[in-house]
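Multiple structures follow.
Next come two complexes, and both contain chain A; in the first it sits with chain B, in the second with chain C.
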Partner chain A sequence: MSEEKQQVSRRQFLNYTLTGVGGFMAAGLLISPIRMAIDPVLKPSSAGEYANVGLAVEDITTEPQRVDWKIDQVDGWYESKVNRSAWVFKNENDEIMALSPTCTHLGCVVSWEGSEDHPNEFFCPCHDGRYYKDGTNIAGTPPTRPLDLYDHKVENGMLYLGKAQVRGEA
Partner chain B sequence: MLQKIYDWIDERIDITPIWRDIADHEVPEHVNPAHHFSAFVYCFGGLTFFVVVIQILSGMFLTMYYVPDIENAWKSVYYLQTEVAHGQIVRGMHHWGASVVIVMLLLHTLRVFFQGAYKKPRELNWMVGVLIFFVMLGLGFTGYLLPWDNKAYFATQVGLEIAEQVPFIGEYLKTLLAGDAEIVGAQTLTRFFAIHVFFLPAALFGLMAAHFILIRRQGISGPL
Partner chain C sequence: MKWNEQDIENYVGAKEYIDTIILPLLPFQLSQDANTKKDAFASEVLTIFSNEIEKELTGRILLTPSYYYLKSADKEQEVKRLNAWVEDMKKQPFKHIFYVSFDSSWKKNEKDLNGNLLWLPGIQSGDVHSEEMQKLIRQQVQQIVELIRSYW
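Let's look at the complex of A and B:
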C-alpha cells in the first residue's frame, strides 16, 4: 500500500544470505546421512518366494499338522538358512490352510491342542492365548488378531509355502 | 608445582572466575542433609548424574572388547566377562548401573513431583527431565540387545512389536529401528549399537547440559 520503496538494509541482506547459505550447507551435510538411516523403510519389501515344505498334498488331513522347513534368508550382508513352521490342514471347504504358529499377542509359538483344557483349539502357553481351528483368535484371550496365513501353491503334488500374510481383526 | 601451573595458566587466561561461577556457590540450608536429615531427598538428582557418569565410563571401556556383529557379539561379551581381568566387574558396573540409574531417576522425579518443584518458573526443566527419562529408557532398550543372547533377542522382538502398535507410522517405526521390515538380525544389532553408543549419549549430554543450566539460572526451589 505504502508509496515508499521497501528497502532492504545491508544488515537484512547479509542476514538473509548467511541464513540461506548456512541452510544449504546444513542440508547438504545432513541429506545423505538421513537418507542412509531411513533406507530400510524405503527399500521395496522382498517378494515372498515359495519353498517346498516337504509335504505331499495327499497327506494333508483335516487335523492340523506341523511342518518345518528352511528358507534362505538375506539379512543385509548376512545370508543364512532359517527355520519356518506352519500348521497345515484342510478346512470344511477342502481348502488348504497353512497357519503361522507365531502368536499375534507377543510372538510366542502356538500349538494345536497345546492345552488339554482346550481341545480343538490352538493354544499359546505364554499368556493362555487361544484360537479356533481356522486361526481366528478367541475373544477374551490376549491375541488381537487371527494367526497369519501363509500363501500357498501346489506343484507336482507337493505343498509350497510363501509369505505369511496378516489377516484382519476378528 | 601444581599451584605454579595453575598460576601460569590463570595469569594468561583468567580461569578463576570461570570455575568459581560453576562450582563455588552456597548450598542452601534446606537442601543440606547435614542440617535436616530429610533433605537427603535432594541428593537423588546428583546420584542420577553420578550413575550416568559410571555408565559412560564403563560403557567406553566395554567398547574396547565388544563387537556389534551377530557372529561375534555374544562371544565378545563372553570373552570380556570370563577372560579379561576385571572385565566381569566393568560389565557388572554397566549392567547393574543401567537399573540403578532408572531407580535414581524415578526417586528424583518423585521428589520433584511431591514437593511441587516443577511449578512456575520451573516447568521447562520438568519437560527437559521428561525427555531425559525417555532417552534413558532408550539407552536401556538398545543396550539390552547388545549381548545378543536369547533374552536380549526376544526382549527386542517384543519391544519392536510394541513400537509397531503406534497408530499409522508403527510399521515404519519398527523398520526404522530394526533396520529390516521382518528380520531382527545383523542390521538391527549395528543400528542398536550406534544408537546406544553415539546417538542417545549425545542427546543425553545436550539435555543434561540444559537441565543444569536451568538449575543454575533458577536456583533450587525453596523450602516447603
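Let's look at the complex of A and C:
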C-alpha cells in the first residue's frame, strides 16, 4: 500500500519535472528569435568565408567547368561538411565567373550544355529551365532570376570562392 | 524535396512541378546476427544515395520517409502495404513512383508493385566516408538520375 503511494508520488515528481522542462523550452523558443534579430554576434557567419576550391587560375578557360568543394557548416543541430559546387569560366572580358549550379526555379542542379538541343546554355533537367552563359535566365522557361554568382578572389594563383550572391531579375 | 517542414512548405506551393516520388526500401531485423551489420551498412549507404538523388533533382521529386520491413516477412503483405502508401500519394499529382533498394528479393514481386523498382546491386561493405566510396556513389547517382530523367 505504502509502496503504491510512493509510486504515485514518484510519477508525479517526474511529471512536474517534465512540465518544468517543457516550460523552460517554450520560453527558450520565445526568446531566441528576438535575440537573433538584435544580436548580430549570434548570427552564423561562416558562410562569408572564402574556400580554396582546388582550381588554378591558369586552368580556367572560357568553357565552364564544374568545381566541387567542401565547407564546414554549423546548422542548428549539426556541424557538418557541406558540398558546394560552381561552374567556373572566363567571360569575354577575361573576368572570372563562378556560377552556382542551383536552379533558381525549384533548386535542381543545372549543367553546362546539359541538353543537346540547347548548346551554349546552362540547362536544368527538372522543368527544362535554361540560362545563357552569363547565368541570365532565358525568358519563357521556369526560372525567374539568374543563377547566383559566387564572390571570388585569387591568391597565389588559386581560385577562392566565397558566398553566392543573388542577382536581380533579368 | 524532403519530408521536413521547410521543404513541404515549398512543395505545397509548387505541387504541379513535383511529380515524382522516391521511396527507399530498407530491411531492418535484429534477430539475425548474421545480417544485422550488413543491413545497417546498407541502410547508411541507401540513405546517402537517396539524399544525393534528391539533391540533384530536388525541384521535381519528393523523397519520402523510408519504408522499413523485416526481411523474413511475407513480401506479398509488404507489397500490399506499399501499394496502399502509393495509392494515398497518388491523391496528389504524382506521376512517377520509384522505389530504391539493395534487396534483390523485391525483384520477385516487382510486377505487383505500383511503380518502378530501382534495384541497385548492393555495395556490401566498406567505409562510407572514404573517397572511393564517394566516387562510387556519385557515379551510381548520376546513372540513376539519367534513368529517372528518361521517364520524364
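Just so we're on the same page, the second predicted complex is superposed on the first by the 122 of 170 C-alpha atoms of A that agree within 3 Å, B and C clash if a C-alpha of one lies under 4 Å from a C-alpha of the other, contacts with A are read in each partner's own complex, and residues count from 1 in each chain.
Definition applied: a residue touches a chain if its C-beta (ideal position, glycine included) is under 8 Å from a C-beta of that chain, and two chains touch if they have at least 3 such contacts.
Here the structure is a predicted model, which is why all the values come from computation and not from measurement.
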One more residue to check, A:G76. First (chain B), second (chain C), both or neither? first
Once chain A of both complexes is superposed, is A:E58 in touch with chain B (first), chain C (second), both, or neither? neither
Which superposed partner A:E95 touches (first chain B, second chain C, both, neither): neither
Partner chain(s) touched by A:D117 [first = chain B, second = chain C, both, neither]: neither
Once the structures are superposed on A, label A:H127 by its partner contacts, choosing first (chain B), second (chain C), both or neither. second
First (chain B), second (chain C), both or neither: which does A:V109 touch? second
Overlap of the chain B and chain C interfaces on chain A comprises residues 106-107
Name, in rising order, each residue of chain A that touches chain B in their complex. 37-38, 40-41, 45, 73, 75-78, 106-107
As the complex stands, chain C meets chain A at residues 10, 14, 17-18, 55-60, 145, 149, 152
Residues of chain B that touch chain A when the two form their complex: 70, 154, 157-158, 161, 172, 175-176, 178-183, 185-187
State the interface residues of chain A toward chain C in the complex, per the touch definition above. 103, 105-109, 124-127, 142
